[in-house]
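Handing you this structure, nothing more for now.
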Amino acid sequence: MTVASRTVPSPVAHPRAAEAASTVPSATVKLEVRDLTVRYGNDVAVDEVSLPVRAHRVTALIGPSGCGKSSFLRALNRMHDLTPSAKVSGSAVLDGGMEVCDPRSDPVTIRRKIGMVFQKPTPFPTMSIFDNVAAGLRLVGIRKRVVLDDAVETALRQAVLWDEVKDRLRAPAAGLSGGQQQRLSIARALAVRPEVLLMDEPTSALDPQATQAIEDLILRLKDQVTILVVTHNLQQARRVSDVTAFFYLGRLIEAGETEDLFANPREARTADYLSGRFG
Amino acid sequence: MLTLRARRRRDAMVHALLILAVIIVMTPLLAVISYVLVNGLGSLSLDFFTQDLGSPARAQQGRPTGLMHTIIGTLVIDGLALAFVLPFGIGAGVLLAEFPDHPLNPSLRVLTDTLNGMPAILKGLLAYALIVQPMGSFSALSGSVALAFVMLPILARATESALAAVPWSLREATLALGVPRWRVILSTSMPAARVPIVTGVLIAFARAAGEAAPLMLTSFGNNYLTFDLLAPMDTLPQRLYSLAVSPYREWHAMGWGAAVLLLGLVIIVFVGARVATRRRFP
Amino acid sequence: MRSVIEVPPPTRDGVDEALARPMPSRFRRPGDRAFLVLVTGLALTVVALAVAMGWVLWAEGRTPIETFGFLGFLTGTAWNPVTGQFGTGPFLLGTLITSVAALALSFFPAVALAIYTAEYAPRWLAAFIDGTVDLLAAIPSVVLGIWGIFVLAPWLRDTFYLPVYLTFARPPEWAAPVVDQLPAGVLAVLGTPQNYNMVTFTLVLALMVVPFTTALARDALRSVPIEQREAMWALGATRWEVIRRTVVPYARGGIVAGAILAFGRAIGETMAAAMLIGNSNKLPFTLFGPAATMPSVIVNEFREAVENLHYSSLVAVGFYLFLLSLVINLGAAWLQRRLTVGSRGS
């Protein structure tokens, strides 16, 4: 029973999708992704992927490089709008209401609800630590000092960075270490109170200590946000996630409870990847 | 709280303002080009290219008059200037690009950029003090020297960029064959950069050809044709100025003619430079 | 001991002999050293030119500076070749007023242009606009001058100066009550409209310096890394918000350097000034009346400067111009380094 051999797209939930869903533990579905396809010109990067993303769970997306997991992630907060050659089709419904992939949905609103942290920590270098975290809040017009102070502190506490920077909030953000900068980016994303947090290989540019700190952070955050993490580090996926989805060549091969997937992968390709036969 | 609609509206307003700014700048610019083309092309005639200027009376009386001597003077003075400056400008560019660790380089680069930013009239004053004063008269020679001063930093920087764009691997490949450094520069780097270097030479020439101020203090100008390098000689930019501020309407018309020639030169070199460099980097 | 490597039999063409010659290290060859000396010598002419400029301008212009004092000559307001009184004051004022005003007028349009072509315009339009603006930088100032004389100046005088001046001098019925309230100085500041005046020149100057700001701003905007933009997009920013909050601040080094370079260009503008500013040495300058700048007075009076003090005063003005230009150029380089993100200074 494979999820991968999907050749006939259908508007109604594919019978296999129900099977894939059944291996994911039940909890409310935060983001229902159906038949998501991303094309760059003629190249198909993501091929009709369906995945129900459960609320307050960490879902890890694994797979070899170029398998489409980052493209999949970026479709969820409409980042492909910035790439002229990218075409996205399919659907991703947030909370049973907002249709993310519909071009009529406003991307600015979507991105407020679905935040993103990138691989390379990118603090805004011309802004202080405080201003970095407050950046998203200022966008929506929040100006009152008291409100901002509160929100920035909350976000920095959530990102487990507050104690380290509370005395130098006005210092330039560029002076922080790599791990701190990444936590700053997370704080910045959290400050606008998103419901879903997309993380695209958040620790691959960091040293082991910083990586550990981010992983602890992810585990702590899942009570507040639904998290999707793209990672090429299998051990990390195992440590951090509740659900793991394995991508290969643009297709979702298998998805399920992390421990189950790692212990008893159903697909041969999954087993091969997990055992390191290819990477 | 700013609503999304308000933010979108602000976005649209900014977009409109940006377009307005583009129009504000482009309109006079296109106006200049059109006026010069229309008025200038209308003044060009056979006489324009075959007669020299003479006294104002000549133009006022309708006798043949033109700027042949000016065009020739421009070519002579600018060509001579280029001949003076070529080895020095290219040499400086070679030093900056081929010997990047040379201790002279940081100061050299700063000085080159500073010289580039200096008003051309100062270079004219220098040429006046160095050449015109000892000689006792204005001369085409001093004009060439003044323009050489103008061209030098431009050429140096253009050569440097041209050579810097040649990948080091190319030089290393030749070095690995046991070829000495200086041969590598002459046989590999410079031929590889020949298109941008030639382009740089043309740009330096065009820039200098448009400078009137230094020439007004050195080659001074001449209403008649001459090939004497030790006497004043006429050039397009300086003549354009004289014609434009003169009280004679016939001379004003010829001024437009000079303007269109200068504009044409600039456009040809400019477009040529773009085409040449685009072909290299498609 | 048999050799493991088979040596091919020697050929007749001398290749083996050539390859077998010992290869000396790079710089021990006299050719390399001589080349380096040659090239360095050629390059030193640049240094020589810069030094010569400062030296000669000082040497030829020192008399009035020593006679009237460094600051005295700089700020002295009398310029009278007949009485032998010389001071750069009027021209310094003219240069500063016109250059600052030209920079102020041109800055926002120039940056707006750069933002539009770097962020908004479709590629073909951006290429056209960028190309035309770069062409503007290459157009000789005498060409802009002749257009200014015969096209712009008369139009400005008839369309703006005269009506504006007349509104203040002989106000029509509806404006009279308002105008009567204004201080009498307004008319004095405006001045009687002439064909060639400070405003006309400043407008042309503003047009001339736009490409300098735009070119550097454009390069700086284009080199903002995509990750910075994506981070701002991901926070839910609109297109202008991304540009204003992330891209422009990141590019501030290039933008400021462009503005300073434009200012440096403005103070040195000679021919358009000589053609459009009216050439008056007498203070006070008025907006609609004639004025002069440091470069314009040099080119205007040089040919008639027979007498020594007059000549050396003009050169001294050139010396001050040299110093001013030096400070601005070095300042621009320093400031750009400090403001550019990622460099050691910032």
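Labels for the chains are A, B and C, by order of writing; each one numbers its residues from 1.
Note that in this section a contact is a pair of C-beta atoms (placed from the backbone, for glycine too) under 8 Å apart; a residue touches a chain by one contact, two chains touch by 3 or more.
All values reported here derive from a predicted model rather than from experimental measurement.
Arrangement of the chains shown, judged by which pairs touch: all-to-all, with no pair of chains left without contact. Comparing chain pairs A-B and A-C, the larger number of C-beta contacts belongs to A-C. Relative to the centroid of all protein Cα atoms, the closest per-chain Cα centroid is that of C.
With centres taken as mean Cα positions, chain C sits 16 Å from chain B.
Put simply, the C-alpha centre of chain A and that of chain B have 55 angstrom between them.
Between the Cα centres of chain A and chain C there is a gap of 49 Å.
Under the contact definition stated at the top, the residues of chain C that touch 2 or more other chains are 238, 241.
Touching of two or more other chains is recorded for residues 108-109, 139-140 of chain A.
Those residues of chain B in touch with two or more other chains are numbered 7.
On the side of chain B, the complex with chain C involves touching residues 7-8, 10-11, 14-15, 17-19, 21-22, 24-26, 28-32, 35-36, 39, 87-88, 90-92, 94-96, 98-99, 102, 104, 107-108, 110-115, 117-123, 125-126, 129-130, 149, 152-153, 156, 175, 178, 180-183, 185, 206-207, 209-213, 216-217, 220, 237, 240-241, 244-245, 252, 255-256, 259, 262-263, 266-267, 269-270, 274.
Residues of chain C that touch chain B in their complex: 23, 26-27, 29, 31-32, 34-36, 38-47, 49-50, 52-53, 56-57, 59-60, 108-110, 112-113, 115-116, 120, 129, 131-136, 138-147, 149-152, 207, 210, 238-241, 261, 264-265, 267-271, 274-275, 295, 298-299, 302-303, 315, 318, 321-322, 325-326, 328-330, 332-333.
Interface of chain B with chain A (complex): residues 1-2, 4, 6-7. Within the complex, the chain A residues that touch chain B are 106, 108-109, 139-142. Residues 225, 227-238, 241, 245-246, 249-250, 252, 341-342, 346 of chain C touch chain A in their complex.
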